[in-house]
Amino acid sequence: MSLLRVECLSKKFGGVNAIDDLSFDIPPGAVYSIIGPNGAGKTTLLNLLTGVYVPSAGSIVFDGHDLTGRAPYEYASHGVARTFQNLQVFFNMSALENVMVGRYMHERCGLASTLMRMPRLSRTERACREEAAELLRYVGLRDYLSVGADAMPYGALKRLEIARALATRPKLMLLDEPAAGLNPTEALELDDLIGRLTGRGVTVVLVEHNMRLVMGVSDNILVLDYGRKLAEGPALSVRNDPKVIEAYLGSDIARDGSYGKDIADVVSVAVEMHR
Amino acid sequence: MKSKQAGSSIKRGLAAVAAVFTLMAGTAIAADPIKVGSFLSVTGPAAFLGDPEQKTLELYVEKINAAGGVLGRKLELVAYDSGGNAEKARTFVKRLIEQDKVDVIVGGSTTGETMAVVPLVEAAQVPFISLAGAVVIVEPVKKWVFKTPHTDRMACEKIFIDMQSRKFSKIALISGPGGFDKSMRGQCLGVAKKYGIEVIADETYGGGDTDMTAQLTKIKNTAGVQAVLNAGFGQGPAIVTKNYRQIGVSMPLYQSHGVASKEFIKLAGPAAEGVRLPAAALLVADSLPQSDAQRSVVVSYKNEYESRFKSEVSTFGGHAYDGLYIVVEAMKKAGGTDKAKVRDAIEATHGFMGTAGVFNMSPTDHMGLDLSAFRMLEVKGGNWTLVK
Amino acid sequence: MSAQFVQYLLTGLTVGAIYALVALGFSIIFNASHVINFAQGEFVMIGGMATVSLSAAGLPYLLAIPLAIVAAALVGLALEKFAVEPARGASVVTLIIITIGASIFLRGLAMVIWDKRFHALKPFTGDTPIPIGGATILPQSLWVLGVTLAIVLALTWFFGRTLLGKAMLATSHNRLAAQLVGINVRMVLFVSFGLSAALGAVAGILIAPITTTSYDVGVMLGLKGFAAAILGGLGSGVGAVVGGLVLGIAETMSAGYLSSAYKDAIAFVIILVVLFFLPSGLFGKRGGERV
Amino acid sequence: MQSRPILVGLASPRTGGMLALAGVIALLPLFLSNKYFYDIVVLVGLNAIVCVGLNLLIGYAGQISLGHAGFFGAGAYGSAILASRFGWPPIAAMLATTLAVALLAYLVGRPILRLKGHYLAMATLGMGIIVFMVITTEDAYTGGPDGIAVVPFSIGGYVLQGERVWYWVVGALLLLAVWLAQNLIDSPAGRALRALHSSEVGAEVVGINAAKHKVMVFVISAVFASVAGSLAAHYSGFITPGKATFLHSIELVTMVVFGGMASTFGAVVGAAVLTTLPQLLAVFEDYEMMVFGAVMMGTMIFLPRGVVPSIARLFQARSKQQIGDKESGA
């Protein structure tokens, strides 16, 4: 049984296939990583899997519901949460309020009782506040409870997004490059955090360039190249797949040098494996 | 935290405003001079009305004071600019009544602002002479409200009589977006039948429109139209007149008294030749025969105004002149500024010769002009001339 | 019937050309600053009124017109220098309110310097209507169309061929990148205000002989220009021109064939419908934000 | 964050601000020496009600509207026509009008709130102008540009008349409006609005239906404007299309931004300042317009966040500094 089933998914942007006839299954409880060179379509795929983009073809079935073509908030209501590579933090609020927004689906009430401020609302508000504070502590942001998001450091914002996503009580959490821009210590802490997420019963989809992180936590890895599936399988088999090494070595350097460090990572890992 | 600060700063702000208010209140103590209140569209789309009206009031209040005032008291003019906005006019009239405690109000350039303040002056029982055109101001009669300009209905009638004499029975109407335009359009449609005239095309244009050829082309292509009447004021009629000639319409064009000033001819240029409109004798002051009873009044007003402000006289300023002098005469008759007595005296105005004609008011007629006060004018050689 | 159509078309093109010039002004400033300059209409007014007063002072058009354009451009530069520049970093809405304040200020100033009356400007080359296919057109309308065309060509050259123009274009695409390659972004902002003020002034001068001018003509023309710029797609030069022409023609056609009372409403309905299907206007930038 | 003691709760920003506003409304009559001043304050109150609603849309949800004078005008004319021409009881006329305006806002809002930024500004502007044109053109019902007289407001035989009575009515309604707005802001829905202001995608992926919320707040703000319009019509006793023009829409937005976006009390202050300013500036006569424009520009240049937030920030900075001084001194 799979939590998320993707079949023949395609997305075209003006004639270019960003995602091309892609199919895969994600079982519940796993950490499923998506890797690939820059421009392989990883973020596009995440946008498709959360309803931000509407697919050109194919279907997305989550937890038994066909969500193809639905809006992001409908994905969320079925238990899909995500973080963003380009942060989508609510900078006009405090950290606590950011997480409280994440509780929205479980707390909202009718317009009339909102406007009249019924006592019930005050109670749920208090509970919401406490739960949000708890989540901030859980991701290690206890020092930032009442700090404005616009005054928080980058690393903290990344974890803030995770806390906000957790607040929706997701079944599936998609993390888009959570380690990018973090220092090695923070990246290590992330390792631990992802481990704890699966401990809570949340299935994790990880898009990441940091190969040590990916190789360390993943149960399964999907390798994308030009929007197509290059390889899929457990970390070990993907590591040894010559096509993967070829894709990384052969194309990425020529295409774009901006992720030099990641490439070096990949190369070193790949070369190590080949010996 | 933020909004708590906010709350206390509002309090401070409001207290400051209130303090200013009380200061202003303090200035209104002396009641020695006779206070004439006014609110006029000195700016905004009706500025061409309000501007000469304000100038006229200033000029003649000064003149009357220089000659010793009224009943031994000086006149004091308290004037506000309503910008043609009825809401603003309402507030300023409250200010005139409550704050400035004026004895009488002469003002209201447009019908909209006049009608908006009617309930206020009626409630406060202050004599009010409006300078706006529409017939609704004095029909039905309101106890404290009078007006000096001819009504739009009279303008329609004057024009239709002229059309009748030229054997026109099918005409087109084109009107602007303002209250004056709409009201006159309504009145003309209402009285047309009485003069055996049928309106077979009825077009409108918008405020700030730069071109009316589309509407005029439609009129031109309407079969049977013998003459065109344009109800409007401001720049609209000038553009209509120009476009009219541009697309080569040959039927006679009538304008309303809303453009009764030399400025219209200047704006429309040569295209204005042959345009007819009904207006007060003021526009043709110099060509009035010496025997004309109105001549001395209009010539002296024209000369006073033009030498002081170096700009052409208009009938609009004349309405303010008439209003001011009707009030002054009434105060003299009433022997004071008692509002009820002044009102009665205004209502009893009889045979007063103003720039618009002879005023004969009565309890059923709070304007007091008849059709004879209107003259039919035609533009000839770049000037207004009397149609014989 | 067809003569009627031609007449509506000619009228629509003339009016539309003026809207297009005003819309171009909106777009140029928008590209440089992402601000909708609500004082754009006042440049139109300044152009017309300054020409009126200069030619009344005895200057021939050949002198009065360039002087009026320069005057408007100076006002545009001053607006940038003293109102927009000091508020750098403020939100876009704040900047918009500043330009609304500026437009009220300029209108008030014009009222004091000049007066509240309408003024006529003599047509550049007479006012004998020229017959075209059963319809007529004023020589001044030809001036409007011709000058607009010339300006569009000149702007195409300016943005495509000159260094400054390319710098302005680059800034509109990516301000940060432009700054990084050494473009003086503040200079671009400054120039864009001067340029669109000059464009506005030209529009005001061209139209004044047809419609007369006064201290508050800027309000409606500014509004229509804004509508045209949005219809065409903000920031797009082609869009501004097409938007202006479409708006002008839509207005006259509705006045001619449908209802003159509702012609503006019809024009706005057309804009709303276009935006419903093309949320960034006819030629606006497509594509959403990247996440 | 633990549950707070009751006393602190009372002094919370919300309650504190409400108490302050109530205090101002209660005490202001001490300074109002005649009906004219009452009139100004009533107008301030009516504008403030519109601005409090508009601020929910602009300041919190981040959606611009340049068409709210249209809703104000629709409210005013709806009430006026139903009550004065068709003889409905004013309260019924007002309710029916409010419902109709809410429906209008809903039908218009659904398609146009998909637009963003300046495009939304244009669409709302166009909608407002269309409402205005209907009001001026359909003169058989609306009286055209010259406007129509409106019967006084009455409830069950009691007629609301006179500036003083209206002062208390409008004061109470303003408090109610502020209370409703504050309740909305401090609720899940309010947070959702602020969230989609900051990042629509971010809000959507936590389950917020952005389109629905935008339409909801658009309708709420339209209802505020419509009710204020209905009241204004009955209060004035006469209405003209002047209050439905796009210039008035811009004036309303200016009040909100001037007072401070995302600050309910800022909206009230903005309405107060910009409504009274023309009265104070009347002494400048011909220079009034220039001074008004200059005040607007100057304020926004030097207090770009609007009067209330900028001043609040100033005080915060100062009090922090004072605390710092004390600590370092001790």
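A, B, C and D label the chains in the order they appear, each numbered from 1.
Methods note: contacts are C-beta pairs under 8 Å (C-beta built on N, C-alpha and C of every residue); 3 or more make two chains touch, one makes a residue touch a chain.
Since this is a predicted model, take the numbers as computed values, not measurements.
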Smallest count of steps, each to a touching chain, taking chain B to chain C: 1
Steps needed, at minimum, to go from chain A to chain B via contacts: 2
Chain at the geometric heart of the assembly (C-alpha centres): D
Most heavily contacting chain pair (counted by C-beta pairs in contact): B-D
Furthest chain, CA centroid comparison against chain B: A
Inter-chain centre distance, chain B versus chain D - centres from mean C-alpha coordinates, in Å: 35
Rounded Å distance between chain C and chain D, as computed from the means of their C-alpha atoms: 32
Centroid spacing, where centroids are CA-atom means, of chain A and chain D in whole angstrom: 41
Whole-Å separation of chain centres (CA-atom averages), chain A against chain C: 47
Residues of chain A engaged with two or more neighbouring chains: 52, 84, 88
Per-residue overlap in chain C, given as positions that touch at least 2 other chains: 111, 219, 261, 264, 291
Per-residue multi-chain contacts in chain B, two or more chains: 42-43, 204
In the complex, chain D residues that touch chain B: 11-14, 16-21, 23-24, 28, 31-37, 39-40, 43, 136-137, 139, 144-147, 149, 236-240, 242-243, 260, 263-266, 268-269, 272-273, 276, 278-280, 282, 285-286, 288-289, 307-309, 311-312, 315-316
Touch list for chain D against partner chain A, complex: 1, 3, 180, 183-184, 186-192, 194-195, 197-199, 201-210, 216, 262
Touching residues (chain side chain D, partner chain C) in the complex: 58, 64, 111-112, 114-119, 121-123, 125-127, 129-130, 133-134, 137, 201, 246-247, 250, 253-254, 257-258, 261, 286-298, 300-301, 304-306
Parts of chain B lying in touch with chain C, wherever the complex brings them together: 42-45, 47-48, 51, 203-211, 213-215, 217-218, 221, 234-235, 238-239, 242, 245-248, 263, 266-271
Touch list for chain C against partner chain B, complex: 4, 7-8, 11-12, 14-15, 18, 111, 115-120, 122, 127, 129, 135-136, 138, 207, 210-212, 214, 216-217, 219-221, 251-253, 255-256, 260-261, 263-264
